[in-house]
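Presented sequentially are two complexes of chain A, the first with chain B as partner and the second with chain C.
And then the complex of A and B:
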């Protein structure tokens, strides 16, 4: 079994509450460090994309992983954030980094 | 939620490239000229990735592993150049010996 095939693939629906896994592995990681551990909501399903974390190590990155755009509230991300309560940030995150919240 | 996600990020786990949320100073919005060598590096990467020699993810991975000092000191296309060289050696296209000799030749010729 290839490394990518060992990943558990979770499916989420728009509007579903999720949390970004709080993990700090070495490697080529597309989930920014500042968002790990944060709670958000699925904004849209971006389809299945080649797994960049795997392709970064000269492997195929297949099977493709679901990629989701996740919306977070800025006030929950940054200490001392003084913008409007409605301010949000959206980040595209691979399914292996998300858990149901 | 007891705190913010960025509160207790282990600093050793943060790559130099992963700078979201850190103070960055003002953004330079000026256009700047791209030099010939930079265009050539760009073209070289397009060729290498389209031919499947290595992927853009491998390009980025090697850039992220330059080390903080080199990453900060190098320009955008200097990082690409270092990463392309690394990946060509990783993939067995060139040897470090070939690259080192050619770099010394070019330096001796005084070329840019």
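And then the complex of A and C:
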């Protein structure tokens, strides 16, 4: 991440609507492909964590990034999902992958 | 039929060979791989330089091997018996485990609670992240590509294959363990266990109930 991108990392609050960036960078990425581009809601702020995507290449991973648990509706993620509307999935996502929705 | 290796494999038989015959196993073990060699070299160097003793390494392996689902079961049984403990466990997993003398060595444990209309299921789609400090080594199926793919996409079908059929009014919440947190499920305390001791309750709490693929049952 460039220094400018670091400065633009936003803080989110529980309940806030977010969208996962639809990006496909190379590397050891912790945001699963199936969730990229999806809209969800912040479930909780997990505090700041060393960026594992940087650590994977023996870099420091600093500054630490906010990590969030984000809740998604299963019916929005999988076409033809076989289950009620109330089914959900929660994933930990680093702040650099999230945008306000 | 004995296997000297632990990976699964299909049996492909050359044309004309007897189909019931298992392929011959080599008499000698396969050559040591690069990473195995590097691990051995690192261990030998650490000992040679006096950084670690062989007995310290052995003791740590013993410590890791001693970890298993009985630790998680103790935590769940305590939470079932003591509402104040349950609240502390949900708020701060590692701290609540330390109260029971269980040290998680920096693992960021998150406990997700089942409710009468909510069932939780744990998976790691990217690799096989698992709360080893509390449950020991993960089962082979947890690491399989099938479980990892299907638990997120069709959790109800997966649960059914484990014998767990949920009412359509019960929401399923899947937790994909992708980053820093590790999860266990706090299942609902089964009916018919009123007045049970924590020890007796812990006997109902299996590894699979804490991953969320099955439900604890009282008999």
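Just so we're on the same page, the second predicted complex is superposed on the first by the 94 of 101 C-alpha atoms of A that agree within 3 Å, B and C clash if a C-alpha of one lies under 4 Å from a C-alpha of the other, contacts with A are read in each partner's own complex, and residues count from 1 in each chain.
Basically, contacts are C-beta pairs under 8 Å (C-beta built on N, C-alpha and C of every residue); 3 or more make two chains touch, one makes a residue touch a chain.
The shown structure was predicted, so the numbers you read here are calculated from the model rather than taken from an experiment.
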Let me test your reading of the model: by the given contact rule, A:52 touches which partner, first (chain B), second (chain C), both or neither?
both
Just chain B (first), just chain C (second), both, or neither: which does A:32 touch?
both
If we overlay the two complexes on their shared chain A, which of chain B and chain C does A:41 touch? Say first, second, both or neither.
neither
Quick one: classify A:94 as touching chain B (first), chain C (second), both or neither.
second
Could you tell me if A:62 is touching chain B, chain C, both of them or neither one (first, second, both, neither)?
neither
Looking at A:84 after the superposition, I want to know if it touches chain B, chain C, both of them or none. Which is it: first, second, both, neither?
second
Where on chain A do the contacts with chain B and the contacts with chain C coincide?
32, 34-35, 52, 78
Give every residue of chain C touching chain A within the complex, in rising order.
108, 125-126, 152-157, 168-169, 171-181
Contacting residues of chain A [partner chain C, same complex]
30-32, 34-35, 46, 49, 52, 67, 69, 74, 78, 81-84, 86-94
Along chain B, where are the residues that touch chain A in the complex?
1, 4-7, 9-10, 13-15, 18, 20-21, 54-55, 57-58, 60-61, 64, 90-91
Chain B partner, complex, touching residues on chain A are 20, 22, 24, 27-29, 32-39, 52, 55-58, 61, 76-79
